[in-house]
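Here chain A shows up in two complexes: once beside chain B, once beside chain C.
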Partner chain A sequence: MSDLTIRATTQLNQIANGIGRLLLSPLGSLPAFFGAVVVAIVTGILMLIAFKYTSHQSAMKKIRSGIKAELLALSLFKDSIAVSLGSQWRIVAGALKSILVSLIPIACMIVPVTLLLGQLSLWWQARPLQVGEDTVITLNLAGNEKSSWPEVDLEPSPAVQTNVGPVRIRSKRSICWNLQALEPGYHNLVFHVDGQNVEKQLAVGQHPMRTSIQRPAWNWTDVVLYPAEPPFDPKSPVKSIEIQYPPSSGWATGTQSWLIFWFIGSTIVAFCFRGVFKVTL
Partner chain B sequence: MPFAKAMRISSRSELFGFLVTNRRPFSPLNRLEYAGPFITRDQRRQKRGRVRKQLRFWELMRRSLRIIVWLCLLVFVVPNSAHAYVGPGAGFALAGSFFAVFAAIFSAFLMLLTWPARLLIRHFWGRKAPAKARFKRVVILGLDGLDHELTAKMLEEGQLPNLAKLRDQGGFQSLRSTLPPISPVAWSSFQTGVNPGKHNIFDFLVPDEQTYLPKMSSVEIRAPKKIWRLGKWALPFTRSDIRLLRKSKPFWSILSDYGIFSCILRVPITFPPEKLHGVQLSAMCVPDLRGTQGEFTRFTTKPLEQDKTYGGDVVAVTRHGKVVSCELAGPPHPSKPKLGPLKVTLQITIKDQNQATLKVGGETLVLRRGEYTDWVSVTFRSGFSIRVSGVCKFLLLSVEPDFELYVTPINIDPEKPAMQIGYPSVYPIYLAKRQGPYATLGLAEDTWGLNEQVLSDDHFYQQCHNTDLERESMFFDALDKVPRGLCVCVFDGTDRMQHMFWRYHDQQHPARPAEIPALHANAIGDLYQRMDQLVGRTMEKCEGTDTMLMVLSDHGFNSFRRGIDLNRWLEENGYLKVDDARRGEDYLAGIDWQKTRAFAIGLTGIFLNLKDRFSQGIVEDGDEANQLRNEIVERLSGLIDPLTETKAFRRIYQAAMVYSGPYKNQAPDLIIGYERGYRVSWEAANGQTSRDVFHSNTRAWSGDHCVDPSVVPGVLFCSQSLLTEQPRLVDIGPTVLDLFGIAAPAYMDGKALSIGERNGSADHAVETTPVTVT
Partner chain C sequence: MLTGMIGILAEMTNSNSTGIDRRTLLKGAAAATLGAASLGAASYWLGGVSRVSRSLGKKVIVIGIDGMDPRLTSSMMREGLLPNLAKMSSQGGFSDLATSCPPQSPVAWANFINGAGPGSHGIFDFIHRHPHEQCQPFYSAAETVAGQGGLEIGEHQLQLDFWPFLHKPAETILRRQGTPFWDYLDEAGIPSTFYDIPANYPPSPSKHGHHRCLSGMGTPDMLGSYGTYQYFGEDGPQKTVDEAGGKRSKLRFIGDTANCKLTGPENGFLKTPVPIVIDFQVHRDRSANCVVVEIQGTKILLKPGQWSHWTRLDFPLTGPSFVPTKHVSGICRFYLLEGDPNFRLYVSPINIDPSAPAVRLSEPTEFVQDVSKELGLFSTTGFQEDHKARTNGIFRDEEYLRQASFVLEERLALLEYAIKNYDDGLLFFYFSSSDLQSHMFWWNSDERHPTRSAPEAQKFFSHIKALYQKLDAVIGDLHDRYGSRATVMVMSDHGFANFGRQFNLNSWLRDNGYLNPHECTSIMDDVDWSSTTAYGLGINGLYLNLKGRERDGIVEPGAQEDALKDELATRLMAVQDVDGQSVIRGVYRSDKVYTGNATELAPDLIIGYRRGYRASWETCLGGLTPAVLLDNDSAWSADHCADALEVPGLLCCNQTIRSKNPSLIDLAPSILEDFGLKTPSSMTGRSIFST
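Let's turn to the complex of A and B:
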């Protein structure tokens, strides 16, 4: 991806962070499952409305009616195999057509939804460290194996205690620390890299918090996936900094399941409310 | 017209689901918008040019969106983990599509897996026809009322090339209709192969034996059996009991017994639909949502006339500036009938002389003067749980000086039918999903709208044409979906058009205007040519398949110049006594039954006021009745029209002598075989008694067929040679059974026609079948 795309995405992330901090802040105090349900309902309805106004509803309605007609034809004209196979083919063709017709709404929704999911991932992809809990923080350096090795150290902070490190893994050009959280709250860890200061957020607390797993490299995918902090400049000696937060638990907001829950939940909500908003999906 | 108001039923229908929004027509422009990727580059460029002129803004939007789409596709092509974030937009599309694809694949799998088992079951346990079928498929295209004489004339003049081709390929003959030659009787005989004495249909209406009020001859609708009453509220817990009064068995039911698939589309007298192996869409007698046989609504700012309007409601409205608000009446209130019908609010905002907008059920439509809207869904609600959905079309008739809006009868919504109008019950829904909403009313074309001069000729023609297009779409789908078995479809627009436009065909007609509109001067000829083209397209669809095609009509047509008030004649001859002050009331209202020995109601004949039959009967059955019948026949047969000085009747039939079967006593005692140009008067048909026996017919309803059957034979075209002389409508059922290798049951009055082999020889001896009604 070009620099321009990454810069644009970074700018969008900044806006999304501002809105996300405001709108998603209740997730910090709501029960996890309830929060996930509310998010699924609200986003499902918003997406539904967006779908209504960005899709070709009459074409969609015709295609959907055609598919339903062919599904009924399967039961009505089951005596003839040729007719049934014809209906089945038309169902598949109709399904493909509906996907084609959905491309425009998908294109319209992809940017805001991606930003939204980036924000949700901050809440549900991992849980914050608890006081007294250990974690590993990894600083990845730019360059290759032959590049020079810069001076790197972690500035002491009252919020954390360094148990082990820095440990240098030359083959990967990474430096690791084992840290123990001491104080709850959001903290900035400061690293000195050849006299230059770089920062990384750390979240410590009992309740759900925005956890930035990685301060991303100058890479579009990472910028999309880790939106909380700005990416490192391509000329920076540091490529990225990553914190190993413990995984979230719970089947609605767990690390492995939140995306599936949200995807299915918002889709079900949209299907349930399609009659209310008179939308053909 | 007695049919419209007499057929009001108190059906209660609970429907669930959402109001269907008004469909935007699937115009070529719309198709272009979404079919862009499927057309060639040149076509796209040309079409884009045309569209750009009209919709520059949308073109720009579309281009921008296309760029976005391509960009997004590019994103998808680059493999990275952001693919997870496609969002619910794709979710909607994929979830819905996935279900469809899953259903298709699963059903295909199941079908292929079970096919050998089903084949074996059918082979070993299914009932098989005794002989081999001669054709894989028999297709019957019914053109209601296509007249033999006119068809033969136009064939001779080379105006019907496709029918001529069919005639040359197989055969063409006149087809003897039933007595009386009217659609409910004729199509009942067609489907059952028996005379009316066995199928119990003698007219559209029959007088109730207790009240003398007219009731439908083919359908009885009873109120729901279980009704809970809570004060003023009456909550029905079952649906209305709808019974078909046509007796005997349609020949496709016999085919069903042998596992032969049938598709029966809009054959009259198939409501309520009966179970069969196949699919069926009901026709004549399917009511509208108000429970009538078709009641239009006219909203007007004109002062209401005192004269009664038949076939519709005229509603006075007031215009406030540019806005007219009114209420469209729907079905009766399901739980509090005293409240009157359920209603939907309409709000019309007038833009200019030719345009207005209509708000109905949360939808906004554009009304253009003189143009019908598409089918609009209207949902009538009562409380939270009851929703009855119908479809209707709106037509803005005028804006200045008076506002006039016409609404077609509210048809049962085929997508959410309030009552079963097809078999299986999902078949009408299937058709609606496939081709959009369509007319479901038994008599789909609003003849009363034209008769009462609410509609113009053009408006009526548009209705007929649109209905034919809908019918053709479902018929051709049936031809695609039924490669083996029976396929029957009746187009009844031919009947309605001839009823209403015959005055332009008959130069002597009293209703013929001094100036004939050029567009309709040859309306009947154009209609026949349009039907000829339909036959051509049907032949094309059947080409290359092992199909036998029959094109037939149930009766012919002739002019209705003079109406005869039979009740007045009976009064003048001392058979009927009526209160002079009430003679203009409908439904035999002013008749003194203690002094009336005979009366007329409906289209076909005269009833004796028999003691054994009617609650206030005074005529003893037996000798007295026989003597009275003979007397009336003798005196009536000599009736001369003073205007033309010709006989008005060709023959008067005694039902007991011409019908056979268990229901012949339900028939009118005397069936009138009118001469060419005559029919029962409007007054007598409604049960009134006017002051004159003869009336000139000056209404738009100018053609008719309620005459002697010999005056109006139908047509029979066949793709195979017809070797039987004088075929009859009752012979068609036995013929189809014979073609599928099944012997006609002994009770059938019809005989299988001799159809030539494909090489031209006959497989039956040439025979002349006896004529039932002579």
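Let's turn to the complex of A and C:
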């Protein structure tokens, strides 16, 4: 991806972060399951409305009616192979047409939905550290094996205590620390890298918080996946910084399950409300 | 509600109209809905009632401290070092507690569980054998039975346990027989919760839903063993070596990184199961003298002498391509023994993950997950202190002590959970620390320790005393919280004794012409059964090579059998050490000391050693050594597998102990009596609260 795309995505992330911080802030205090249900309902309805206004509804209706008619023909003329085969072919064609008609709304929604998922992942992909809990933070340096090794140190902070480190993995150009969280809240860890200061956000708390697993490298995929913090400039001596947060639990908001829950939940909501909003899906 | 429905039905039937009007229909529907809801609520309430505790608030708390010795406890109480036990004793009582014959943990705990002796539960030693296989050993309390049938697809085998296939997958069965005393509580509606009760894996089911338990001693690790550590060192052997309780591998650094392989459980989908191996990397930073272990996307930073937290590992069980891959989860801890110059890394046995157990660890099944939700990850294997790592020289004494102290910390956290979630009924909690630390550090005499200097032996023995004090504080806390409202019992299954000299029973049998040929090195390999009349297996067991029972038996049942038993008993009782000291205190005929229906696998004679002696390491699994009596130079320098009279357990209770000679088998009847239940006929013990 070009620099321009990465810059544009970073800008979009900034907007999404602003909106996300505001609109998703109740997730920090709501019970996890309830929060996931509310998000699924709201996003399901919003996506439904967006679909209504970005799709060709009359064409959708026509395709749906055509499919219904062919289904009726199938049941009425099941003894006629020619009619059955023809109807089956037209049903398949109708389904393909409906996918084609849906491409425009999908194209319209793909960016906001991706941004939304990026914001939700900040809440549910991992849980914040708890006071007293320790974790590993890894700073990945730019360059290759032959590049010089910069001076790197982590600025002392009252929020954390360094248990082990810095430990250098020369083959991977990484430096690791084991840190213990001391104070709840959002903290900025400051690293001095050859005289430059770079920062990484750390979340410590008992309740759900926005956790930024990685401050990404100058890489489009990483920028999409880790939207909370701006990527490191390609000229920066640091490529990325990541924190090993513990996985979050719960079947609606767990690390392994939140995306499935959200997808199924919002789809069900959209189907349930399609009559209310008079949307043909 | 019912009258309302009847009224509406009456109104409907009395109606002169030919159809049902809309109003009536709505009324009927509303009434029916309410009726159904009421019925559902009533059923739920009734269901709830049946699960409600019927202990009427009665509380009994039993703290099982494996191997806590009454002699040491008494002397420390006299010195004022165990004030809480002393206080409880003065309120109720303190006594020796007669242990099982032989005094081995699985036997003793099964006695406690059944309220009756080994003849009722069929556990006679850590190790049993199937007579039809002559002497093939297996763990006495549980046995894994191979699966039967399966669909073979390429290199895979699928076992489908539903019709029409009805294949039988391999399963582990609990071999303890008889009725555990919690079944009587369960039947009476009295709740009971057991944390890590030994000799109960897989956990026995609860019929009425009032019994919960976490399985304890006997629970395997992910490799199906009773704890297999893995060691990676630059000083390791060229090829991975399996040693008793562990695997030792060589690790080579290329630059600052070494690639290693961690052995996991076998993939049961394969026709010939092979272990699943997880690749992991170790990165060493010599300047910082630290390493980063990178495994399955998780990084662990370790300094020399540092332990990691529990780390979750994922093992994919891949089957035929059309079958989704199954994943099982295990947990382990890493310990960096040394970073530089000789890198040495210890990986704990891979425990079954309590948050997603691959096999059933508790009753009900989800109980262990409930505990894990609150406590996080914790060890689940039966033997949590890694004594094998110590005896094989991976750990030094201090390192073993540290690992054992982690186990105790976990136990104390679990005890807090247990207390927090305890309302009434029976709460049983088990501590293994006193047993597995005593095996290594106990030495309560001025005699020469086989491997340590006298000051060293005393230093390590002081750890045992410190441990007793720690446990005393735990008991004090519990007594303060519940003493006035509950019956509190502290009990141990046996005591402890030095283990300075070892006796090879098979070598003795060989030297005395009972086991042949004279060059025999192991009864598993080169014994001549046609000229062998007796053999030793397990720690205290002696078996006759009996015709009709043993596959290659030669001893005629009846008169010859009786005569041989008496002859062996007499001659064994006469065995003396080089200094003239008697080695064996008692030899017991199982047909005289055991009663019950579960004696099929009992040894013919049970050897009761004097304090200071025990069966040799080799003889337990049928090995022979040139000498019959040897020094015990193992780090395992204390034991309890002696004569039952040498190593009684202890009982301390806040209620008066009326029985003069309480025994392990008396505790179950006592607990039942405390809840107002009669002693069942399956029990041979009698309540300690009755004269």
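Assume the second predicted complex is superposed on the first by the 272 of 281 C-alpha atoms of A that agree within 3 Å, B and C clash if a C-alpha of one lies under 4 Å from a C-alpha of the other, contacts with A are read in each partner's own complex, and residues count from 1 in each chain.
Note that a residue touches a chain if its C-beta (ideal position, glycine included) is under 8 Å from a C-beta of that chain, and two chains touch if they have at least 3 such contacts.
A quick note: this is a predicted structure, and the numbers were derived from the prediction, not measured.
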item: Which superposed partner A:171 touches (first chain B, second chain C, both, neither); value: second
item: Partner chain in contact with A:69 - chain B first, chain C second, else both or neither; value: first
item: Which of chain B and chain C A:180 touches, first, second, both or neither; value: neither
item: First, second, both or neither for A:136, with chain B first and chain C second; value: second
item: Chain B versus chain C as contact partner of A:61, first or second or both or neither; value: first
item: Per-residue touch tally on chain A - higher for chain B or for chain C; value: B
item: Touched partner set for A:263, first chain B, second chain C, both or neither; value: first
item: First (chain B), second (chain C), both or neither touched by A:95; value: first
item: Residues of chain A that touch chain B when the two form their complex; value: 1, 43-44, 47-48, 50-51, 56, 58-59, 61-62, 64-85, 87-89, 91-92, 94-96, 98-110, 113-114, 117-118, 220-221, 224-225, 259, 263, 266-267, 270-271, 275, 278, 281
item: Interfacial residue positions of chain B with respect to chain A in the complex; value: 17-18, 21, 23-24, 26, 30, 33-34, 37, 65, 68-69, 71-73, 75, 78, 80-82, 84-98, 100-101, 103-105, 107-108, 111-112, 115, 261, 279, 362, 424, 426-427, 429-434, 436, 480-485
item: Residues of chain A defined as touching chain C within the complex; value: 134, 136, 138, 163-172, 176-178, 244, 249
item: Complex contacts: residues of chain C adjacent to chain A; value: 255-257, 283, 285, 287-288, 290-292, 298-303, 306, 309, 373
